[in-house]
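Labels run A, B and C following the written order; every chain starts at residue 1.
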Amino acid sequence: MEKFVYIALFAPLVGSLFAALFGMTPKKTFIGVISSLLLATSFVASAILATYVVQTGHGIHVTMMDWISAGDLDIPFGFVVDQISVTMMVVVTLVSTVVHIYSIGYMDHDKSFNRFFSYLSAFVFSMLILVMSDNFAGLFIGWEGVGVCSWLLIGFWYHKPDESPDVNPSISPSWAANEAFIVNRIADLAMLVGIFVLYWSTGSLQYDVVFPALPYLDDAILTTAAIALFIGAMGKSAQFPLHTWLTDAMEGPTPVSALIHAATMVTAGVFLVIRANPLYSMPEVSEVSFFIASLGTFVAFFAASMALIERDLKRIIAYSTLSQLGYMFAAAGLGAYWIALFHLAAHAFFKALLFLGAGNVMHAMHDELDIFKMGGLKRVMRGTYLYMGIASIALAGIPPFAGFFSKDAIIETAFNEGTLVLWTILVVTAGMTAFYSFRQVFLTFDGNERYKEFNIHPHEMYKFVLIAMSPLALLAMIAGFFQEEFHKFITTSLEIMPNYEMSHHTHELALYLGILVLIFAIGGILLAYKKYANGLVRNEKVENSFIYQLLKNQYYIPAFYAEFISKPYALISTMLWKSVDMKIVDATVDGIANMFYKGGDNTRKMQTGNLSNYLNWMAVGLVIMLLVATIYTLKA
Amino acid sequence: MYEQIAFYLFSVLTIGLFLVTVLTKNILYAMTSLAGGMVFISGFFFLLEADFLGVVQLIVYVGAVMALYAFAMMFFDATRDIKENTTSNYLVFFLGGMIALMLVIIFIAPIMGDNIQSMYPPIEGAGNAQSVGLVLFTKYLVPFEVAALMLLVAMISGIILAGKKMDNSLTTQEDIIIEKEEIIK
Amino acid sequence: MIGLSHYLVLSGLVFSVGLVGVLRRRNLLMLFFATEIMLNAANIAFAAVSYYYNDLTGQMFAFFIIAVAASEVAVGLGLLIVLYKKFGTLNLDDLASMKG
């Protein structure tokens, strides 16, 4: 079985390196094909591992090599394939394979085709390192690798400039990439602190050493570690207040968005909390866990509210990711780790499908993303319409699609824990989710064909791309039915994943609760249908209202950051640059150089070419040396 | 007593002759006084019971080296005074004086390592030449051979360097030019 | 009584005389003479140390110095002749072709 671990892990790396060989050359389709095949290999290996874990009930732990061995610090380069990581591996490799195949079609006309595949595979490889590592150091390596690859990919079209809001409200990809990277750096610092705290107090970074040692630690240390690790997770999973990069990251190519949102990046934060569940389940850190749940719930609502009025197709989906991540954190914070993981997996399928569908639309509309300029696309893009519809139904949580089961379980958890405020918010958010996702579908695919004004001739995506997307659509439809099996499988080993069951009371009420959520969801859909299905009617009064403007400007948070963090920082930097760097550091270095220049210029006169002068100078040197010798003799 | 008289006499003569060498304008005087200085230095060697060294000094320096200089000077017309802008005397005597002063201070100061054990003491009952021979051909055999090789190389190189284009005389040409200039005047 | 210091001081003085010659003269042949003086100064010191420490090593060094001096004269004079053939002078002021 060990070889499958290595195959699953290193196939994407091989693909990446192979594609990198051709990074600077013109497009070669076989690069994409080979990368996709290697990813598929990785998926098959993951699936084999998954069946193995399902059948035997225990994981595989391999140690590839000693990595860092210095003094007391001993970090082997090991990988663990247990219930949690195998779930992640299957999800990641499956979604990534589809995204790879999709990219062959999507990036068809891009001149950096080969480079794209190199980055994409490296991204998947980093994520696999992250989920498979058996220690925090390896996890951190993967974590940073994901960060770097996301930077490369978000800024893939780095040459594109900013565009004005009238044409296409976009910021430049390089700016977005930097924002994502820097925000993640801030969070990573906290995460490193958390890792250090754990190492400092337990003397190891191995999961199977750290977690059993937790009950013997101080409250303060546990709380610090829990908070610090969660801040790291917040950065990667774009939780408030570090969420701004996620929507700006939409500047990257759409397959990248699909990958970031569904498989390889934002889920890392949730994965970290799930992986570190022994830490977050400690009674000493219950406040932190509750804070996670509350923040998750808040973000779920907060992001959904911004999605309600967003006009940019990809940003709507990005907000929905944010919102769904909030759901996952809510579940994880409340102790229902397996439900969070289940929602993560289900969400990965339909979110990838949504993004890839959005990519199709974008492709058809020649990179136009404003849904107010679309409409009626279902007549030309049947396949995409179907997929987007399936994904939106799943997202909205209509049974029997995947989203219903996973999301409903989370909402039920909130009820079960007696946190009725959280429950209420989550239920309302479910309705909002249904509304904005169907608003997007109806505005894009139904109603009058507004794109004709802009002289765009949409066309359907390549056939093979649509076929490649079908596994996702299938899974988005049926994944929910495997909830019980998943539950049984994931909680086989309670040390790795604690069980979470609804209380008897909740169980009785489950049906009614489900129906309540359903009512909200269907209400949202109906509202969206009524307002948007028959064409766009813009209401000036609503659009000028305070709340609309507030949401449109994302609660003025980006503006706040720009005004109160970026600007003072730039100011301080400029000041330091001008006063400290230029006047002290630079001046010192220049001064030393000038000293030598001047000295050289002045001593040049000594070099007369006359041997006699040189001999005189030699005698001067001899006098000086003898002087030293004389002083030394007299002293002795 | 004789030793002291001899030492001071030789010292004054040596330094005086060498000063003539250094300060004179005529190259022939310089060479002659140098040869004289060398003879008195061999006198010091006899005083210091280094008979063989003294003899070698006389043979090599006063004999061979001076003869070599004398031959070399045949190329350079030794009868004429040397025309040169000597370096300003103040600087030279300041530097030379400083060095002399400091060397004197250093050498007058008690010498460290008075209890040095001699490695190769002179052999009892043997003359100086015999002792030198014994040490030179046992302990210093390899350096001796290397020195011999070096002298051979030096000889060959000297012959080759000086021997090229021996047929056209340099002094005569120069003299002819000078004579022509005098005629023009 | 004449001690080691006397000889060493004498050696230092002779050396200084040689050095004055090296510093003062511009004629290469005179520089060679001055160099010989300095080498002889060293020889005096070696012989004196050899005598006062009752060790033949000093004399050995003096021999080698004489050998080196002889080689130097042979090669040096050859070079001087080549130089004189080429430039027609041995004055250092006229040979300053490497001005920086």
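Definition applied: contacts are C-beta pairs under 8 Å (C-beta built on N, C-alpha and C of every residue); 3 or more make two chains touch, one makes a residue touch a chain.
From a predicted model like this one, the values you see are computed outputs, not experimental measurements.
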Most remote chain, CA-based centroid, reference being subunit C: A
Comparison of B-C and A-C by number of C-beta pairs in contact, larger one: B-C
Approximate Å spacing (C-alpha centroids) for the pair subunit A, subunit B: 87
Separation of subunit B from subunit C, taking each centre as the mean of its C-alpha atoms, in whole Å: 6
Distance from the mean Cα position of subunit C to that of subunit A, given in whole angstrom: 82
Subunit A residues counted as touching two or more neighbouring chains: 612, 616, 619
Multi-partner residues of subunit C (each touching 2 or more other chains): 19, 23, 25-26, 93
Per-residue multi-chain contacts in subunit B, two or more chains: 87, 91, 95-96, 99, 103, 106
Residue ranges of subunit A touching subunit C (in the complex, touch as defined): 604, 607-612, 615-616, 619
Subunit B contact footprint on subunit C (complex, rising order): 1-2, 4-21, 23-27, 29-30, 32-34, 36-37, 40, 43-44, 47-48, 50-51, 53-57, 59-60, 62-64, 66-75, 77-82, 84-85, 88, 90-91, 93
In the complex with subunit A, residue positions of subunit B that touch it: 87, 91, 95-96, 98-99, 102-103, 105-106, 109, 112
Contacting residues of subunit C [partner subunit A, same complex]: 19, 22-23, 25-26, 92-93, 95-100
Residue ranges of subunit A in contact with subunit B within the complex: 612, 616, 619-620, 622-623, 626-627, 629-630, 633-634, 636
